[in-house]
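Here's a structure for you.
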Amino acid sequence: MSYEHFDEFRAARDRAQTRLQSVEHLGLKRFLRMDAAAYEDLTAKGGLDTKTKELLGLVASTVLRCDDCINYHVEQCLEAGWTVAELEDAFNVAMIVGGSITIPHIRRAMLMVDELSGDQ
Amino acid sequence: MSYEHFDEFRAARDRAQTRLQSVEHLGLKRFLRMDAAAYEDLTAKGGLDTKTKELLGLVASTVLRCDDCINYHVEQCLEAGWTVAELEDAFNVAMIVGGSITIPHIRRAMLMVDELSGDQ
Amino acid sequence: MSYEHFDEFRAARDRAQTRLQSVEHLGLKRFLRMDAAAYEDLTAKGGLDTKTKELLGLVASTVLRCDDCINYHVEQCLEAGWTVAELEDAFNVAMIVGGSITIPHIRRAMLMVDELSGDQ
Amino acid sequence: MSYEHFDEFRAARDRAQTRLQSVEHLGLKRFLRMDAAAYEDLTAKGGLDTKTKELLGLVASTVLRCDDCINYHVEQCLEAGWTVAELEDAFNVAMIVGGSITIPHIRRAMLMVDELSGDQ
Amino acid sequence: MSYEHFDEFRAARDRAQTRLQSVEHLGLKRFLRMDAAAYEDLTAKGGLDTKTKELLGLVASTVLRCDDCINYHVEQCLEAGWTVAELEDAFNVAMIVGGSITIPHIRRAMLMVDELSGDQ
Amino acid sequence: MSYEHFDEFRAARDRAQTRLQSVEHLGLKRFLRMDAAAYEDLTAKGGLDTKTKELLGLVASTVLRCDDCINYHVEQCLEAGWTVAELEDAFNVAMIVGGSITIPHIRRAMLMVDELSGDQ
């Protein structure tokens, strides 16, 4: 699903995410925790930092063409310190790997980048 | 495409489905019939019952990330007698196989499950 | 993302496409040019004509299930001279190759075909 | 990757799986455990039994077109008690949902079913 | 699965296809017939000719990245009269739509084109 | 396609890549150049460095499940200076985003990492 503005995305996501987090199912609960943990800083154990992993999450979401996931990681990437020019370069890698079928997602993502970076 | 409420999905689907079913093309007509037939009870011939196949349809739709298909099979699964807890367990399999990229679809699906099961 | 009417699609696409085309990134700029060039007539060099390639673009977009891409190529295909019956036959190939998961996209596409061909 | 005989698959899988299980990475270790747990009997908590979930895993693997995953779940499904006729019916659902692009995987899977069920 | 030479592909495909065609399951039998029918000449009913539809099948198979399907349609396309230069142009559309992830499939496909067209 | 050893992959890839690079088609030639250019250092223009982009390429290839592309980027990532522990952490992100369907590719990739890093 896609949204015209980031706030619409956030409101719809929050409502559904709250519902999902209310499940009793242990497997689903664990997956959500592991999903969050995957982006934590692991440099102390020889792994990657959060900033790098958020960019990996953004590119993975883009080639798999999931607007909700892209929106989520765009916000995380900006908070982690990536610049707009760096995100554009990451989207270029995604477009090359994933082809023109990613373009509708990338052009919507750029509007979200603008909104969130205040660069409108 | 995704919808806030199941009735919106049903109305949009019905309108487009009516159009699709009006085609004269023999191949398209046959595919639609075969699609319906795939979920019919085949236990008399050693195959599966409808209830099991609707759950297969739901999980296949979830890992392929098609909201319309998920909505359709959620309704069929509830009508076939699957409980909310069983659907959550099926979504857990889908989330494990398909990854976090399925989460936006599964959390929207849970809202539809709530609506259709009266468990809001 | 999907739209009830073609004009909504065109407006949303134009807004985001304008943003995308404003990027300074050379790679992104080149990809957009190469994307356009891929559908140009190449019969003079032994390649395919635009009409054939637009149909390839439509079927590729359909099996990859991208509503925006489908809408775009539906319009290009009609302008290139394909009839509604020919587009239905192309959608039949896409439905056979890509399965029932393509049906929500194809039934929405048929509504767009109707709108654009004046056959409502 | 695909294999002519199930034993080749098992040998190649075991070698690589042993390597994967040797990693120190906590996230990877947890994912492998959660993957196994997803197919455990959950009927005591209102969820699904292993037999049903293995069939879900098989159909999900088939529509996502992963030969290794299909081979793995074919063996699990036969051990869980599904008959060859029931697996054929499940593959029919997968073929309808996923389209002709799944056929090469399904026809290879049928050879594996024959080998493992002794029905050659 | 991929093959170094077309004859290996043909032998492996024939063996598995014979097995698949031996199933009693009515749905699977019908799907195989509909799959074949989708590429038949439909110009008498306003549809497309076989030559055009084989090219659609090739591009759909390429963007979905199925080597077996690509090999099959490469042979059909050459028999239907498409030249090597025209197939290259079709692969260019597929590469643009599907991205660099299609390149391993396209470069293997070109070797098959060479073998089958005698242009080695 | 997958390979037991990296040298087999390299030999098969080189043979097919040489064929692909021999095409006269301008679009295909340009795509191959743009693909290479996407991973070049762009820090002088505010973009990303090669090391970061190779990791993006590896994760994108993993979630899209292309063994050839994974092998290629594994080698590039090791040459760019990523450690085995860092690659494992990147694969963890890919496994979370892409699900268990990526596991067969990741476990084969780990064997390639071992071979290329001399850590066998």
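Here the chain labels run A, B, C, D, E and F in written order, and each chain numbers its own residues starting at 1.
Following the convention adopted for this analysis, a contact is a pair of C-beta atoms (placed from the backbone, for glycine too) under 8 Å apart; a residue touches a chain by one contact, two chains touch by 3 or more.
Just so you know, these numbers come straight off a predicted model, no measurement behind them.
If you take chain A and chain E together, the chains in touch with both are B, C, D, F.
The most distant chain from chain B is F, comparing centres defined as mean Cα coordinates.
Between chain B and chain C, two chains of identical sequence, the interface residue sets overlap only in part, with shared numbers making up under half of the total. The pair from A-D, C-D or A-B that reproduces the interface of A-E, where over half of the contact pairs by residue number are the same, turns out to be C-D. Chain D and chain E have Cα centroids lying 27 Å from one another.
For this pair, chain A with chain F, the centres built from the Cα atoms lie 22 Å apart. Chain F has its Cα centroid 36 Å from the Cα centroid of chain B. The set of chain F residues touching two or more other chains comprises 1, 24-25, 27, 31, 34-35, 38, 45, 47, 60-61, 63-64, 69, 85, 88-89, 92, 95-98, 100-101.
Because contacts link each chain to all the remaining chains, their graph is best described as complete.
On chain D, the positions that touch chain A within their shared complex are 24-25, 27, 30-31, 34, 37-38, 45, 47. If you check the complex, the residues on chain B that touch chain F are 63, 95-102.
Those residues of chain C that touch chain A in the shared complex are 1, 12-13, 15-17, 19-20, 23-25, 27-28, 31-32, 35, 60-61, 64, 66, 68-69. Contact residues on chain A toward chain F in their complex (touch as defined above): 34-35, 38-39, 42, 45-48, 52-53, 55-57, 59-61, 63-64, 69, 83, 85-86, 88-90, 92-94, 96-98. Looking at the complex, you find that chain A touches chain C at residues 1-2, 4, 65, 67, 85, 88-89, 91-92, 95-96, 100-101, 103-104, 106-108, 110-111, 114.
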